[in-house]
Amino acid sequence: MAKIELRNISKKFKDDTVIQNLNLTIKDGSFTVLVGPSGCGKSTTLRMVAGLEQQSGGDIWIDDKCVNDTPPGLRDVAMVFQNYALYPTMSVRGNIEFGLKNRGVAKADRDKLVKDISEIVGLAPYLDKKPQSLSGGQRQRVALARAMVKQPKVFILDEPLSNLDAKLRGQMRTELIQLHKRLGTTFVYVTHDQVEAMSMGDEIVVMNKGVIQQADSPMKLYNDPENLFTAEFIGTPAMNTMNMKDVQGLDIQTSVSIGFMGFRPEQALLNAGPEARGHVIEGEIVTRESLGAEQIYQIRARGGVFFVKTFLAPLETADRVKVTIPYEHLFYFGLGGERLRSGIEAGARQLVAAGGV
Amino acid sequence: MTLWTKLRPYGMVAPAIIVFSLFFIYPIFYMIYLSMFDWNFVSPTKTFVGLQNFRDLLAEEDFRKVLSNTTIYTVLTVTLTTGLALLLALWLNKKSLFHGFVQGAIFSPHIISLVSISLLWSWLMDPEYGLLNWVIGLAGFDKLQWLSHPSTALVSLVMVAVWKGLGYNALVFIAGLQSIPADIYEAASLDRSKPWTTFTKLILPMLSPTIFFLVIINMIGSFQVFETIAIMTQGGPINSTNTLVYYIYEYGFRFFKIGYASAAGVILLVIVGILTIIYFKLLSNRVHYR
Amino acid sequence: MLKAVNDTIGGTPIGTAAESDRVFVRSRQQALRRALRAVLQVVNYAGLLVLVLVFAMPFAWMLSTSLKTLPETMIFPPEWIPSNPVWQNFADAWNTGPFLSYFVNSVVIAVGILVLQMLTIIPASYAFARYKFKGSGFLFGIVMVTLMIPGQLIFLPVYLELSAFKLLNTHLGLILPFASSAFGIFLLRQAFMQISDELLEAARLDQAAEWKIILQIMVPMVKPVLVTFALFSFIAHWNDYFWPLVMTTNETARTLPLGIAKIREVEGVATWNTLMAGNLILVAPILLVFFLSQRQIIKAFVYNGVK
């Protein structure tokens, strides 16, 4: 069990600054997910925690110990790699106990640990097989077992599910969540897939271009994004955003300059009655994706193309539709993409009109 | 980083580098040095003669004959081996047990000692009782003198070299053919490409790195042909099969003209060096399809 | 194919005379084509057989000759089956020189070279593949030059060098120049470079020491390449004629190929029966090994047959 702290971390590859001044605290016992597009520095951050990459500046603390100069093997960190990195020349047992051997764990203890772990992850029948003869899911389990058997303070997982097919990925996702509950150890997990991040993490760190955009719980990220990047990154489909220049007929009063407006596809209403009060956009349906319980429409309006998602509603067949977004579900962002939370009064005109009656 | 981790790589490459320096790099310079001296190997003094050895060599009738022999031998061997091997590869490129057996059969001479092959072919080419004369007799030809006549000796040596090298070359071509993804053929056939067009426009260009590799390897190998000549002809008859390495060998070990032999060695070094440079230039500039 | 299907579909209903005529013509064309294909198939296999003969016949001839009497070798047109196999030829060949010593020398030298090569190329190729160090480019340049310069070219200075070290006519003199192999380093470096970094990182997280990573994880992973190289090296040096010829002046360190070549000097030029018997002693083991591990050996040479 451990808390991890990154203080003023920076990383350069030759002349390329990948990460600058990164500060992050990973809570003890949390399932923290680092998520972001490829090349955002999430893997590099993770590898610096593991000690596989040396930071160019700043300190890394695991619990109350600065581990800047601790080699990876002594950081009490275990890692599950994207391609599993199983030793192909060793049996499953050999893979699992290699780390124990190197630590000088006695044979009897080793055997017991390997036996226990292999039962937990369901590998007991395969202990004497070579990894090459196992399926993708089983290899994944060997990689997990190899990490678990060392009883580390921190588990580091670098896109561990990206090589599995969709069905197995879903299954492993639940298994990892259960495993985390059971072990109570700190998990640090890297993925580029925001769905995976949202479904697994209790703490999500959104990164872009080496900078942390937002670190929060999944619901907070969804409901209350700090900036345009997070808003556009989280959600399926992601939040619709429009440049204010392209937005017409938006009835607000504001004291700040707004750069972008956004709304979530699932919060827009299609052809709502006059009682629905909000910003109205008229447009043409370009495509319909019917997924059964939900429908996703791609709509082209004068301001641009956006998505609308409806639940348990009949498929909209009309070509032209009126889309209403309630005012309370509109998000505003400044010219630099930062979230604007105050200074904007919505629907003033209609209120005045209502008051006039 | 500790001192040990800094020094470790040097320690690991040192044994190999020492061997190469002692037995390859240093001898090259030593040979260049020796080529400028007149020395008979026994006498304690070496006489500096500058470039005189080179001038003598190039003026000598025998040496020019040796150079032309070597060139003819190389050109014939390389074109025949590579060309026939390509045809064989196209023919044999199938994955069946029988084809595997045929491939093994034609490859087998490659792993046999050149001594054995030379002795065997000396016997096959025996002008009186050789099997080869019997075979061409079946086809209605007169007996040939093979190695014993100046007009046929060099070509006979080429034949042996082609026989030995053909299987290896064909198998390298087959490996090259098999590395061309099957969907390219499929795409070509969907585009209604004729077999000949597929071959010239797709297969040949994609094989070009393999072709260059084999041509250069065969060239470098042919330029230093020695064993077959030492065993089968000793350079004869009347110098018709004397080639560079055999020439150097004779001048060094029979006539003890070390400087002279070294100069010939330097010339061979320059030829091989140029070939190698051409190979890498072509490889990096032109032939890249993968 | 598609066309044929269309035709039959378009051809229904069958029944009219013209229709049945067309069907008949088509089936005759098909039969012709089938016959042609069969003929081609026969020609193809006949060609393959001839090809095999071109390569197998010389060896069969060697075997046949090795069992003949001297007069039998001087019959033309030749006879393939000797009336009375003369096994004595093999004993005669063996007795032309110190063949036991040749054999021992061949084994000592080929194995000695192989062992030293393994000891030098594994660490060197690993360092070139996996470490960044100053001057590695230059040092690898030395390897590449060695790879490209054929040894045959510099035998004279090497001879003088070995003579200065008093290593002529010794096993060591025939082993040391080949104690490392640029080809081996090249091949193995490639193999080491292909191993993913993740694996090394996993091992480092498993607290494995560097030497342990190399010996227990990396080397076992390149074992196929090592076997390939070992076969290549052993066969090359077992067969080598040039270096032992040049670097020896007496029998003490001479090898089998030299011994076989010498039969002719001892027995006279025309004793082809003894000569072929001796030749068979040299060739048979290699051919046997080849047909037992054909795939491995072909891979060894074709895989990356530089040199």
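Here are a few things to note about the model shown:
Going in written order, the chains are labelled A, B and C, and every chain counts its residues from 1.
Heads up, the rule we're going with is that a contact is a pair of C-beta atoms (placed from the backbone, for glycine too) under 8 Å apart; a residue touches a chain by one contact, two chains touch by 3 or more.
None of these values were measured; they are calculated from a predicted model.
Central chain by Cα centroid: C, whose mean Cα position is closest to the mean of all protein Cα atoms. More C-beta pairs touch across the B-C interface than across any other pair of chains.
If each chain is reduced to the centroid of its CA atoms, chain A and chain C end up 55 Å from each other. Averaged C-alpha coordinates give centres for chain B and chain C that are 15 Å from one another. Chain geometry summary: the mean Cα position of chain A and that of chain B are 60 Å apart.
Of all residues in chain B, none touches two or more other chains.
For chain A in complex with chain C, the residues that touch the partner chain are 50, 52, 71-74, 77-79, 81-90, 98-99, 102-103, 146, 150.
Across the interface of their complex, chain A is touched by residues 196, 198-199, 201-209, 212, 216-217, 220-221, 223 of chain C. The touching residues of chain B, when paired with chain C in their complex, are 5-6, 8-13, 15-17, 19-28, 30-31, 34, 41, 88, 91-92, 98-116, 119-121, 123-124, 126, 128-129, 131, 133-134, 137, 163, 167-168, 171-172, 175, 217, 220-221, 224, 226-227, 230-231, 245, 248-249, 252-253, 258, 261-262, 265, 268-269, 272, 276. Across the interface of their complex, chain B is touched by residues 47-48, 51-52, 54-59, 61-62, 65, 73-78, 119-121, 123-124, 126-128, 131, 133, 136, 139, 142-143, 145-146, 148-161, 176-177, 179-180, 182, 185, 210, 235, 238-242, 245-246, 257-258, 260-261, 264, 272, 275-276, 279, 282-283, 286-287, 290-291, 294, 297-298, 301-303, 305-307 of chain C.
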